[in-house]
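Chain IDs A, B and C follow the sequence of writing; residue 1 opens each chain.
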Amino acid sequence: MDGQTAIKVEGICKSFKETKALQDINLEIKHGEIFGLIGPDGAGKTSLFRILTTLSLADSGKASVNGLDVVDGYAGIRRSIGYMPGHFALYQDLSVEENLNFYATVFGTTVAENYDTIKDIYSQIEMFKDRKARDLSGGMKQKLALCCALVHKPDVLFLDEPTTGVDAVSRKEFWAMLGRIKDSGVTIMVSTPYMDEASLCDRIALILAGKIIDKGTPADIISRYPHRLFAIRGGNMFRILKELKVHEGIIRCSSFGCECHVAVTDNGPDASSLLDILEKSGMQGCRVEAIQAGIEDCFIGLS
Amino acid sequence: MKEVTAFIKKEFMHIFRDRRTTLIVLVMPVVQIILFGFAISTEVHDAKVDIVGDPGDPSVQQVVRSIRHNRYLELGEFLNSPSEVNGRIRKGQTMAAICFEDRFDVKLAKEGTASITIISDGADPNSAQIVTSYIKGVIASEQFTVSSSMTGGSQAMRPNVQLMYNPAMNSSYNFVPGVMGLILMLICSMMTSVSIVREKEMGTLELVLVSPVKPFWIILSKLTPYLVLSVVNFISILLLAVYVMDVPVNGSLALLSLVALIFVGSSLGLGLLVSVISSTQQTAMLLCGMGLTMPTMMLSGLIFPCESMPVALQLFSDIIPAKWFIIMVKKIMIQGAGLTSIIKELGILSGMMVFLLWFSIKKFKTRLS
Amino acid sequence: METREKTVEIRNLVKKFGNFTAVNNISFDVYKGEIFGFLGANGAGKTTAIRILCGLSLPTSGEGTVAGFSINNQQEDIKKHIGYMSQRFSLYSDLKVWENIELFGGIYGLDDKQIALKTDSMLKALDLEDSRNMYVRDMPLGWKQKLAFSIAMVHDPQVVFLDEPTGGVDPVTRRNFWEMIYEAASRGVTVFVTTHYMDEAEYCDRVSVMVDGVVEALGAPAELKKLYSAANMDEVFTKIAGRAERE
């Protein structure tokens, strides 16, 4: 194992009764990168996080964090990682400051000692330090949880769906904070169901139904997209979808906000013939242009 | 070590920030004692007792005098024949009647024995039994004076039940040890298990387990606050018992405290076990309420005496820690028994404590699944 | 536009909790068959407003009607004529698929015959005929949400409120879900939906953005993009909600 690798996952499998939560997962996460595990709820993200944070045992396969095995070296791992579970897991009846002090002490440190590590985030909620955690807004709770996960200066930070249910603006702020944490040398493994957050990670893995369906840098994954892709703007989205779905040479069309993305085979229709099809069925004024795929196109293509 | 103190401090914050929990923990013992002591008391106060017999008889006069002096009984009317008693009981004018045989003193002097009949209201068997035993007590104490003043010897009068240690049948003697057992068990098992399961539900246990603090210390710091609270409760119940309920502590206070501590230990073990089994606070509450409290109330001898249970239930009651605790508390507080006479029960309870704590700590998962 | 039938009409709605004003004087109309996106940052007052519209909470002041009934004094009638589905609570996971349909059908006063018919047609439409005896907890999230949506419509409500219906759902199922929304709207059902996916905001006929208890912007996605000179709804939202004072 070389010094570059922070987290290594080899052939991890995990089942709950009949459900195969994880099937043969292999990943390698480098020191100092933001690694995104991207997939919908129920794909197995939390199961994998629990195995890596030593909270749960895999049925088979091996995994290590910072060179320590997740089974044999669990005590060492627990000392060097920070973890933010998917749900808000702080003491609701304790104040902001009390929560932070508690986690600092439990991890054998003090807030003062590591104030630099959390200053950037804590300063945003410090004015509410006497407020009970239950009275905080979603965004502030999230910041407090992040502070608590960071307060002992971990080498590796595990964030399980930190942005689920958070509005678009707060999500952007959160990712900006992650970027600064990464710059201080912390390895971050983060999971998210939002495909648009993929581009903010250094490398990602797409996970669906317990399997990794693709992994690499976002650019790698996009470059592997196998089809030609067109975006159609204007006109009634759901009429366009209905019309094009049945057409030959069209693999798939999906709505993307105000656009409709159409994946076509190599000898399928091009931009002008797509426009023809639409106009023939009475939809005027649409614009069609060839585009590059995004992560969400890739995910849809792979699922 | 600092981790553990931080943990314990946090636990106390949970308790005192939730007004309901604080109330349960600190007020419940007092309320229970008062409730049992005054409202649900099985004692009978100022029960009217009629006398059938010649008011001029010296024996009758002596019995009348002691009924007048008895704080639980009150003198009713003098009746001429036992046939009048029925009507008076039915109308609720009296609780019971003492019927002296015709020409009681004469017969006693001549034949050396004479009979007394006690009639009481069997429609209310509990009170009837208690009043009857009060009367028996009165007559029994009278027996000595009566017989000493006469030549008939000590067998002169028949009823001779003697209640040692609790002549007045003060029901506090029964419920104080019982309530003490119940409350210590509730605080230790229910509060402990609910507080651990709450962290499970909230997901905070996940975070704490990921920390370098060893699970054993997490358990210890979860148990400590409830141990402390039990001590507070033990002291408050004891103070109430002695100063409000007039229950004596005849035996050694140190021994009593030791017994209580061992019982608290076994209850904490039970609480931990419940928290291992249950995944929601409701399950933990139900398990403690139905699975621990009910059997303790029913089978530990608090309400029904163990001796009158079917053999199967008696055997089952043997595995309830509270039963042994209550037996020992009664022996120490009321009989003033020493270590030697409770050694068997103490051994059983200590064994239970060690097993429960060992088993539940072993079963406590250091991981989630 | 003005000639269309209004199914939701809100005037000067205010809701205060103590001295905190969660909803501060909002007014808007929603028309029959419209897909109305109700956006806002966390804590902007969306949930409070939706609770009032669903008849679960009374406004401090202001008035309005939902499905023709007053939010001030006909709350029970409102509940009978709307459907509600939220991401957090939708179905009983320890009941089977058909049992959930039967339960909610019963709750909304359908008789046995109607329930039987509804169950069959619903399972067919969702392609769940083979799964009628499946426990809801064993279903993938996407299926669950689609079933929950259908069940929210079991009594043919005039308005259906969807609170983050697609949170955490995979991209393909998310799009299927929106096709169901479109289908419902085309049948004349008014759809009132909240979401954190800004691409979904584009699918709405009109969108309102709440900031600090006030409706800061209201209009068709195209209008809003033009107004805020933004390329997409994400930018629009960032520009509007980024000004929020309170959290």
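In this text, contacts are C-beta pairs under 8 Å (C-beta built on N, C-alpha and C of every residue); 3 or more make two chains touch, one makes a residue touch a chain.
Please read all numbers here as calculations on a predicted model, not as lab measurements.
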Steps needed, at minimum, to go from subunit B to subunit C via contacts: 2
Pair exhibiting more inter-chain C-beta contacts, A-C or A-B: A-C
Interchain centroid distance [CA atoms averaged], subunit A/subunit B, Å: 60
Subunit A and subunit C: spacing of chain centres that average the CA atoms, whole Å: 26
Interfacial residue positions of subunit C with respect to subunit A in the complex: 40-43, 87, 138, 140-142, 164, 167-173, 175, 178-179, 182, 196-203, 221-222, 232-234, 237-238, 241-242, 244, 246-247
Parts of subunit B lying in touch with subunit A, wherever the complex brings them together: 2-3, 6-7, 10, 13-14, 17-18, 202-204, 206-213, 367-369
In the complex with subunit B, residue positions of subunit A that touch it: 16, 50, 53-57, 75, 78-79, 81, 83, 85, 87-94, 98, 101-103, 105-108, 148
Residues of subunit A touching subunit C in the complex: 19, 39-43, 137-140, 161, 164-172, 193-195, 208, 237-238, 241, 254-258, 296, 299-300, 303
